[in-house]
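Questions regarding the structure given below will be posed in turn.
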Amino acid sequence: MAPHRPIDYGDATPEVRAVFDDIKRRRKIEDVNNFWKYLAHDPASLQRTWQSVKEIMAPGALDPLTKEMIYVAVSVTNNCRYCMASHTAAARAKGMTEAQYAELIAVVGLANETNRLANAYDPPVDAKFLAE
Amino acid sequence: MAPHRPIDYGDATPEVRAVFDDIKRRRKIEDVNNFWKYLAHDPASLQRTWQSVKEIMAPGALDPLTKEMIYVAVSVTNNCRYCMASHTAAARAKGMTEAQYAELIAVVGLANETNRLANAYDPPVDAKFLAE
Amino acid sequence: MAPHRPIDYGDATPEVRAVFDDIKRRRKIEDVNNFWKYLAHDPASLQRTWQSVKEIMAPGALDPLTKEMIYVAVSVTNNCRYCMASHTAAARAKGMTEAQYAELIAVVGLANETNRLANAYDPPVDAKFLAE
Amino acid sequence: MAPHRPIDYGDATPEVRAVFDDIKRRRKIEDVNNFWKYLAHDPASLQRTWQSVKEIMAPGALDPLTKEMIYVAVSVTNNCRYCMASHTAAARAKGMTEAQYAELIAVVGLANETNRLANAYDPPVDAKFLAE
Amino acid sequence: MAPHRPIDYGDATPEVRAVFDDIKRRRKIEDVNNFWKYLAHDPASLQRTWQSVKEIMAPGALDPLTKEMIYVAVSVTNNCRYCMASHTAAARAKGMTEAQYAELIAVVGLANETNRLANAYDPPVDAKFLAE
Amino acid sequence: MAPHRPIDYGDATPEVRAVFDDIKRRRKIEDVNNFWKYLAHDPASLQRTWQSVKEIMAPGALDPLTKEMIYVAVSVTNNCRYCMASHTAAARAKGMTEAQYAELIAVVGLANETNRLANAYDPPVDAKFLAE
């Protein structure tokens, strides 16, 4: 058996199909992304992860595009290739322009640089950041 | 000599003072944060880093608050305590509400979780994310 | 010269062959994995690393399968593709079931999420965790 | 308002109290850890995170102690101080001996070392690890 | 449009060409590396990054080879495949021998290992490292 | 019992004392650093780690100062506070000047930034970096 292979709709259990159906309905897409087809090897994780994604990525105090860009920022920092590809695409689908993408990546680069400058020079947190 | 100590305005070279003055003028603050006082040990880095921060964090295709939240997302992922404290404060100063902060952190947590699920199950990037 | 190429048994020095022979004998395999063939460019590292692997991964207070799963957890967190592949295979060879693998990855995902929630909300370590 | 402060039971909303009560009942403890008191600023995250912890950390194909040790492995790799403290304590409460702890950390160290050796020498994943 | 494609000299704006020309002149090369052709989608980042690279990587208190090896050390730790390839090549071009490379990687591996041992055992920083 | 406490020479087993003695002799110091006193809880790790440090950090194709600076680069990237403190001190003891330290940190910051730019724009590795 291959270590990891996608589970397509036709081969899925009813439990997995129910999640796939919900993803397709919500996202108005024909088929789910590979991420979900691979995660389907663990139906409990599939269900829980999709539930979390639905709740957390829904519009709330932050709009969906801002949330996708935050997702991209984390994925770039962690160098998760699949996640960068899928969430950059999702951000574009939600209206991210090339200029916005360029600025997003510039901020991510800058933050990763200054995080290390702060680690090294180790300034104490300013009192005002801690004050009541 | 202590490994790292702040360089205060009174002890700074004219080159360093010029950067401190620019930070204070731009940010309309009385004194610069500890980060800059420690980075002042390396005047070239101080100048270059402040120049980058000015350019990258300025309003552009993304608004300043969105940029600060992206900065926080990276700093939380990297566990840079100083950076979390200072950029969370900056985001609050730019209008981030507690509800927005809570959603930001929830997205960061989710992205760090699914980044590892993607690493482990290793789905190939869907063709549509690569297509022309 | 290519930056990195495997050193096969036939091209190896006696010093490298001795390590390869020990790996093959211990693991009852015909040939060593690519990791060792590439590391053979640095015979001192090859020898030291194999020595550490032998000592640390041997059965002790923890059984070998638990150790392999911990290895996988770190490799998934660091996104080391080779290490995930080789240590997941090793864990399967030592009896890891698909259900165990699924739970392992779920814990890794959860830990990476809550690590960031803890970084962001920055709770002080509870006194009881520090107490004598 | 201070950036982060604990929300104690007495100050909590009924929604938050319900989660605190469930944590205390399940874990047979008098009071919840600081992590939950800080996360209570985001009741939705509090509820979702506790739900995930309950499901994922329950005994299943892996026993609870193995799961805690995997949690520690990730937290050590990410240098999350709170998480190391709380999950090491949890693992000890579930029976982890000092000898087991020592071996766990030794494996984590080794995996972090060889992850970088593999990154640098970049061996291709052996065909057998990919084979059907 | 493909998410990311190189911008070649012939398709570049005068602003981008000016950076490309400076890179080629400084490095005495016929064409710039792919990194710069992709970064050219964001001309401001292209210009700023090249400016930083020129300043930081120039000979100073540290010689250029030492700087390249430090760059490799970071890239291996972060598992940035492109950066490892390009900066290892640059270090070799500046005279890094295979023996030096092997020792560099061995130190990177060791540091990543002991970083985690220190995280886990959490020794307080010795007074002498903090003393004036 | 406290989770982690130092094991001082007076309380150490003969096996641990032998390592402590070797560290003191080699480094010409009165007492070992806290790192070793905490690691002494796992005598096998203590011995193996000290053996690796002795071999890897010894002068070879790279001089000891270069090795210490590489160690610092990794520790800053990983944000290991103890390791930054101890290896920065060690580098200073081996002659690192403040100007060299400043350049080291600037390179580390730059590499962490460009690592993310490379992750995001994902340029293919140039053929010349792969060529034979």
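By written order: A, B, C, D, E and F. Residues from 1 in each chain.
Heads up, the rule we're going with is that contacts are C-beta pairs under 8 Å (C-beta built on N, C-alpha and C of every residue); 3 or more make two chains touch, one makes a residue touch a chain.
Because the structure is a prediction, the values reported are computed rather than measured.
Enquirer: Compare the contact pairs of C-D with those of each option in D-E, E-F or A-E, and report the one where over half match by residue number.
Expert: Equivalent chain pair to C-D in D-E, E-F or A-E: E-F.
Enquirer: For the homomeric pair chain A and chain D, should the interface be classed as same or different, according to whether the shared residue numbers exceed half of all numbers used?
Expert: Same, since most residue numbers here occur in both copies.
Enquirer: From the mean C-alpha coordinate of chain B to that of chain E, what's the distance rounded to whole Å?
Expert: 21
Enquirer: Counting only Cα atoms for the centres, state how far chain B is from chain C in Å.
Expert: Distance between chain centres: 34 Å.
Enquirer: Could you pull out the residues of chain A that touch at least 2 other chains?
Expert: In chain A, 3, 41, 44-45, 49, 52, 56, 77-81, 85, 88-89, 102-103, 105-106, 108-110, 112-115, 117, 119, 121-122, 129-130 touch at least two other chains.
Enquirer: So with touch defined the way it is at the top, what topology do the chains form here? Options are line, ring, star, complete, other.
Expert: complete
Enquirer: Enumerate the contact residues on chain C facing chain D in the complex.
Expert: Within the complex, chain C touches chain D at residues 4, 6, 33-35, 37-39, 41, 45, 49, 52-53, 56-57, 60-62, 66-67, 69-71, 73-75, 77-78, 80-83, 85-89, 97, 99-100, 102-104, 106-108, 110-115, 117-119, 121-126, 128-130.
Enquirer: So in the complex, which bits of chain F are touching chain D?
Expert: Residues 3, 41-42, 44-45, 49, 78-80 of chain F touch chain D in their complex.
Enquirer: Which residues of chain C touch chain F in the complex?
Expert: Spelled out, the residues of chain C in touch with chain F are 1-3, 44, 48, 52, 55-56, 129-132.
Enquirer: Which of the residues in chain F come into contact with chain A in the complex?
Expert: Residues of chain F touching chain A: 72, 76-77, 79, 81, 84, 105, 108-110, 112-117, 119-122.
Enquirer: In the complex formed with chain E, which residues of chain A make contact?
Expert: Listed in rising order, the residues are 79, 85, 88-89, 92, 98, 102-103, 105-106, 109.
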